[in-house]
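Report on the structure given below.
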Amino acid sequence: MKKVVTFGEIMLRLSTERHLRFSQANSFLATYGGSEFNVAVSLSNFNIPTEFVTAVPDNELGARALEEVRKKNVGTNCIIKNGKRLGVYYLETGASSRASSVLYDRDDSSFGTINANTINWDEIFNDAQWFHWSGISPGVSQNAADICLEAVKAAKEKGIMVSCDLNYRAKLWNYGVAPSEVMPNLLKYSDIVLGDIDTACLMTGKEKINPDYNNHYSLPEAYRYFLDSFPNIKLMATTLRYSVNASHQKIGGVIYDTNKTYFARLREVIPVVDRVGSGDAFMGGLIFGLISQPNNFQYAIDFAAAACCLKHSISGDYNLVSIAEVEKLINGNEAALVAR
Amino acid sequence: MKKVVTFGEIMLRLSTERHLRFSQANSFLATYGGSEFNVAVSLSNFNIPTEFVTAVPDNELGARALEEVRKKNVGTNCIIKNGKRLGVYYLETGASSRASSVLYDRDDSSFGTINANTINWDEIFNDAQWFHWSGISPGVSQNAADICLEAVKAAKEKGIMVSCDLNYRAKLWNYGVAPSEVMPNLLKYSDIVLGDIDTACLMTGKEKINPDYNNHYSLPEAYRYFLDSFPNIKLMATTLRYSVNASHQKIGGVIYDTNKTYFARLREVIPVVDRVGSGDAFMGGLIFGLISQPNNFQYAIDFAAAACCLKHSISGDYNLVSIAEVEKLINGNEAALVAR
Amino acid sequence: MKKVVTFGEIMLRLSTERHLRFSQANSFLATYGGSEFNVAVSLSNFNIPTEFVTAVPDNELGARALEEVRKKNVGTNCIIKNGKRLGVYYLETGASSRASSVLYDRDDSSFGTINANTINWDEIFNDAQWFHWSGISPGVSQNAADICLEAVKAAKEKGIMVSCDLNYRAKLWNYGVAPSEVMPNLLKYSDIVLGDIDTACLMTGKEKINPDYNNHYSLPEAYRYFLDSFPNIKLMATTLRYSVNASHQKIGGVIYDTNKTYFARLREVIPVVDRVGSGDAFMGGLIFGLISQPNNFQYAIDFAAAACCLKHSISGDYNLVSIAEVEKLINGNEAALVAR
Amino acid sequence: MKKVVTFGEIMLRLSTERHLRFSQANSFLATYGGSEFNVAVSLSNFNIPTEFVTAVPDNELGARALEEVRKKNVGTNCIIKNGKRLGVYYLETGASSRASSVLYDRDDSSFGTINANTINWDEIFNDAQWFHWSGISPGVSQNAADICLEAVKAAKEKGIMVSCDLNYRAKLWNYGVAPSEVMPNLLKYSDIVLGDIDTACLMTGKEKINPDYNNHYSLPEAYRYFLDSFPNIKLMATTLRYSVNASHQKIGGVIYDTNKTYFARLREVIPVVDRVGSGDAFMGGLIFGLISQPNNFQYAIDFAAAACCLKHSISGDYNLVSIAEVEKLINGNEAALVAR
Amino acid sequence: MKKVVTFGEIMLRLSTERHLRFSQANSFLATYGGSEFNVAVSLSNFNIPTEFVTAVPDNELGARALEEVRKKNVGTNCIIKNGKRLGVYYLETGASSRASSVLYDRDDSSFGTINANTINWDEIFNDAQWFHWSGISPGVSQNAADICLEAVKAAKEKGIMVSCDLNYRAKLWNYGVAPSEVMPNLLKYSDIVLGDIDTACLMTGKEKINPDYNNHYSLPEAYRYFLDSFPNIKLMATTLRYSVNASHQKIGGVIYDTNKTYFARLREVIPVVDRVGSGDAFMGGLIFGLISQPNNFQYAIDFAAAACCLKHSISGDYNLVSIAEVEKLINGNEAALVAR
Amino acid sequence: MKKVVTFGEIMLRLSTERHLRFSQANSFLATYGGSEFNVAVSLSNFNIPTEFVTAVPDNELGARALEEVRKKNVGTNCIIKNGKRLGVYYLETGASSRASSVLYDRDDSSFGTINANTINWDEIFNDAQWFHWSGISPGVSQNAADICLEAVKAAKEKGIMVSCDLNYRAKLWNYGVAPSEVMPNLLKYSDIVLGDIDTACLMTGKEKINPDYNNHYSLPEAYRYFLDSFPNIKLMATTLRYSVNASHQKIGGVIYDTNKTYFARLREVIPVVDRVGSGDAFMGGLIFGLISQPNNFQYAIDFAAAACCLKHSISGDYNLVSIAEVEKLINGNEAALVAR
């Protein structure tokens, strides 16, 4: 099978234990993750060959990040050594009415300082069927935004599928441009977009509307409103997330394929073990569904939502479930029985 | 007071921490447990004298298992040294929509390789009022099944009470016989059986029916259907468990005494700290109730269900609550107040 | 801004991890807390200058307790060296239907053995606007009760505000007097009291009534009944706590200002990370609200209840939230979104 | 075989991890120990039946201490419930040039407040061959000193062997008497004493001498000097400890049997894992040696010194080695080979 | 560069922390290792391409073992799924005079039950320059011994270098044959052997001699004595290990190339962090040295001994040092300076 | 007493546990330190009033760093909020022949980006008797170097004592200048310098000599050689460190007061718990000695060396010993006795 290529930053994540606040931490759990890497791991777990394009520094933390990619059986052939530091983010895991909080320390990271024309996209895409990127990368630095554009253009030239998770992060986009100055041009080269309509409008400079995600009848119109500006986008998917509190969520999803909506039913998640990366788990599930059953959008959205749901029970950035486990959840909740 | 004797395997349990998946574990918590040992610990906590019959290897892990039995004030006089290895099971504790998972590594264990006629049941039962076994033991090996039969026969000859928890485990019964070839003969010598009717039918080869546990009127008929084949069984009890997800359960119970049902009211359990052994906590509570108030079946089922409920809040295989704590829960939930 | 002075015991708290029972603990987490210290920390987090009056022993644990006070930017000028031991309390954190449990080991502590006339209250209150004490201190020892009386009298002479959290603890009051012999005299010198009406009656020897906290119309009458005996009390506040189980609470609050009630809406707390000190978080929020917006009782009760609610998500005795975080919760639950 | 009875306090030990200072500790390891209990555990490991006489409070920590005794297969029949608190000691484990440090919090403990005539020594000694006590107990409280006297008198009446470890602790003896007012009377009823000569003089009020433990020729004279006052003492043993630093010790030993000295060769101990209880390991080894080979004093001192040496590698108060392991060390150091 | 292929078992290693004895362990650190895998990891760290041939079960532990191989950049193409369980070994890390201890639980493992003719050695060796095996594999089971023979024969047919670490383990060889019945035939196909002469004699049935490793003059004669029977062996190397105690070792090494000895100087190792796998680190260093500078035996032995020395500072089975770090140690001990 | 002011960076230190390599770390211990802060903590422990001048970011990590300063009773009045990130350094603690390793991630930190003329040194020094800086600060950035110069000039104008620890760090000095371009000008305003002569030459551009620190006679000449260029320097001190390996050091010290040398005797340190900050402990001891006994250079060097020695037993960057503990070590090693 041809590969799915993802491009993005892999960071050291330093998280507090036992819901401790940053000020209480005498130690941090050290794991590695990043939105587009997380998607690649999901796909690798679903037996899809993958290649992850990124940069790490030539030091011990860079080497460790590389080991993490290799360990999860994600391709490492396109990881370059660059720059001086691995991006870091600190995570304080909330509970109940206290939200989780992220403190980024990723300025001037290896990923953010890759020079344009460093990556040979043409070669990378030779053996690929799909390219995935997210709105985080162009939010990191001008360099990263430039390389995103190189990538999506090259992908489209090769005729491979391009997916984008909008992934708006308010704490990024600090290098002097607004998302709306960058994203529209990138989205022009994308086929599938994950994100809610308001975020999509915000990142592309379109006027905000207020779609009612519970209204199955009015929703297509809202998607059409946004997609009018991006006729190239063939499919738009949205995670439906209703947050009761930081420990209690309800997760569903919807796909709009330019004329029809497909819904995954809402599932309760309580308690949340680790919410970070649940959107990436959704994205990974979506790509898997669309690759394995290309014309079955109902399967894709069901798989994406169930994978996302399961991710909330798993520590760390990336999902760790098998196709069988996702399908078991789709087919009825047997999670409650100890498998023995 | 005369002793309650239980017979079964004690294993090393290696469990992941913080809901980690097996693949994420850099360490395992090491505790010791096993269904019939867990029942003995419950009874010991309720001040009932106990004796636990098992085998452990003559190595450091066997010695440690023995220490565990002694520490919980369960009798160790009938524990023999046998075989080469202590059975092990790995436990991955699920959360929310992800189920817990057990990986057995118990083949050729000390317990499973005890030879027939090794244990002097006659002597063991001299000072006993009750013998408890479960459907796990005959599922482990032919040897263990044979010794179960020795035990129940000897118990019946001595005229002591025999209870059985059906405890069906799909991952056992690998040694070449089906439960239905073994269990009927063992159940013939048992007075009290814990298990739901479908499991009972499955393990005895009876055709499955679909009792509605919410229908208090139809339930006696369902019990009668099964007990028709086992007129010796005087009492059948069932844990009523409604699993919302791996972290959220509802627990009740029912006793059928050949002509009447007694129900314990459903209680919500959220979050589940450790579900493993909750059935054993139910069994321990049931035996205690029946011993301390022999004719008060309502007390027995209330005590069993409340003990089971509390077990979900306790790490490790066995329950760790006092009579007073169980009765406090029966008499109204004061669990919410800090005792200070 | 003038200081808020609090007086009470600071203890070493030894708590079990992962909901373990005392008998399972192979280690204890060591933190430091105590009701009135916790209130001071809350206020310090809200940028109110504070001074904490207490005694610690002249040993390593006393020095460590002192460091804790200093670290949280609470004033340490009035902490004396006295006696031989730091009070200790052991905490077993419950879950679901199993309540948390506290084991006090605080007899003959440095705090409980301070001699009368040791503390120069007159000097302490020179720079103060508020004095806070709780019903724990007079329950510890006769010495502590005597000093409480010195303190409230001195405070009233200086004309500064005096608040009291009734904080009834059944496991205290062992030194030979009943609360009702001590508290009425202390409450005479207090302006603001936190506690429910029944506890207030119990601790002052008034006949118990059964107010219906859900009945907004009848509640003022119930407050009036109690306050008839304490015309000096200008404001009475009550935490409204509905405990579903040890992990699931609903938290609200009410202020009665001698002719009107102000309610904070109920919020669900699930799961509870650490409930101990949530009353102190309420008290700290209440004092902050009353200091920052003296005539806005609705703000005070909203702030107190939201601070209390957030405390349930935080390990350790004292609250660790900012004004902004409390106000965010008051203005709508955004806790569910990861801040990134 | 008849039992060895020991009498003393069992305490909760709270120790810092990783050589942290008390001020750095965010948690404490919780274990249980006490000199005379440690001796009993050593003997139990050497397959000698034992009985430990002590008192614990009727609370969770008392119950846990009791479990510890039971777990190590030490007799619990003579443990009484008494008083209000379990004695506690805090341990900071030093390293290199920084000494370990102990902070006692054992005033008014269950053990220290046992009333005279509470313990039926006559019955206890019926099945005993040996009674062991140490100089810690009479240093704890007048009550404990009184009961020690009851015990040694009763033991001598029964004609059983009495051994004493002098165990001088400068931080005890706070209740108003000096060791020299108490110990001579107790030592009158003892047959075997462990301790160095200077400590023995200090605790009995004899003028100090300066024996040269390296001078095999002069040493008997020094022992005779002390034993002149205690003609009842048949055997005196001394641990020879040369401390290079807190992590590096040299351990040997000597027995003087009223006319001859027997030396165990010095062994290097580096690094020290846990030194606390190494004297008790020596004592346990000595008693075992004298019981198993009554006339072979060389074996006794070799066994005691080797057991002591091994204890330094073991965390916690009590030794955890088998006869075979001690004898392997006596017969040549094979410790350096991994047993596999 | 062509690959080095190693063949052996990879096991789950469960080790106690902080020098705890097995009986004290409440948790085990979980790592993965095995002699021949450890050699492959060393080589991978030294940038030599490797392939590891083994079998793992088709369960979560097998998958995790596979991840470990992949993570360390060791080739996984020849790892098969076989059998029912991953071999396990428990490790108690000693200290000072207490030796480390290993408890094997590897009977009937996936590796030990591979059937003959399952592995296509011919294909595996197509791209290989070197094959390494050890005396552990034929000690595990008849199957493993048979496959070893297949492998060395196939390697010799391809003309690639074969190295063997004798690795005598007293706790293996339980399946009914002695090493001397199996090893001679295997060593006939080996070019380089690591082990001391006595072990070599023991495993091949030759009469034991007592070579003096400190006598550089007599040593060649001793090697010749053994190699007389194995003229095919071109090079024999021995780790020189002088064990002061479990925490203090002296490490050197010697190569004998059929007419000359090359010595690496002794280095002190204190303290030992983890000794397990230090022989494998030696072997890995030896192979690296011989591959990178084929005719420089002095470099090879220096590199092997220094790598071995460094391994003692590293937790887990396999070595984790770079060429630069080994060479730094060879060229003078700079280990004492913090690199900053 | 007037204050000692120190100026430098406080960083988050993320260190691996149990001597793990960076690649093995699944968590990092989080502590806070920095050379000049460490000196201030030492002095605070010795009851000297201190003020620490630095900058931290306005985020949770900055707030936590500030708490650390406050907790150790070091003055926080001159700590400013500046810039975007707290400097971080990762520490891998070596053992035996493997050196510890530091990975800096401190570029663009709050400290390194303070603007010149931001700090009001004149006001800070009003209440000061001493100013301490180190060669780390000018190695961080041009800004930091500029502020160092402001500080030493202002200090000299106020006539207060200025001390400097040369603290050469090869991994710093990356901003485009060599130490020799910056340090000479800074040292002109310093009275006391800590460092060895070769480092002093390196950092000031003087030709290197090779003093023999063991030759008490020749040493003064070597100091004179360096001090010829810096006649303002009244006292030069050097830590004498002989590193056997990463776990075994020998520590002494020497002061040269322009015509005489004073030596502290060498002490063995084994094992090393944490070497980082031992130079700062030396510096702190030196300043304390010179302040408390201004004319007793022998006391100063003895105190400095003993404090340094003790630091090796303490985890974290800064020393945690009392005057009494240091003096106990000076007066003879009693470290080997447990204080109880």
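Letters are used for the chains, namely A, B, C, D, E and F, taken in the order the chains are written, and counting of residues starts over at 1 for each.
Going forward, a contact is a pair of C-beta atoms (placed from the backbone, for glycine too) under 8 Å apart; a residue touches a chain by one contact, two chains touch by 3 or more.
Here the structure is a predicted model, which means the values were calculated and not measured.
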Partner chains shared by chain B and chain E (touch criterion as defined above): A, D
Identity of the chain that, by mean CA position, is farthest from chain B: F
Inter-copy rotation, chain C to chain D, in degrees (Cα atoms; steps of 5): 180
Reference interface A-E: repeating pair among B-D, C-D or B-E with over half of contacts shared: B-D
Classification of the chain A:chain F interface as same or different, half of numbers criterion: same
Intercentroid distance (Cα basis), chain F paired with chain E, Å: 45
Euclidean distance of C-alpha centroids - chain B vs chain F, Å: 63
Where chain D touches two or more other chains, by residue: 21, 23, 26, 67, 101, 270-271
Chain contact graph, described as a line, ring, star, complete graph or other shape: other
Touch relationships between chains, expressed as pairs: A-B, A-C, A-E, A-F, B-C, B-D, B-E, C-D, C-F, D-E, D-F, E-F
Of all residues in chain C, those that touch chain F in their complex: 67-68, 70-73
Of all residues in chain F, those that touch chain D in their complex: 17, 267-273, 309-310, 312-316, 320-321, 325, 329, 333-340
Chain E contact footprint on chain F (complex, rising order): 18-21, 23-24, 89, 94-102, 104, 169-171, 243-249, 270-271, 275-276
Residues of chain C that touch chain D when the two form their complex: 14, 21-23, 25-31, 59-61, 63-64, 67, 84-85, 88, 90, 92, 101, 103, 105, 107-108
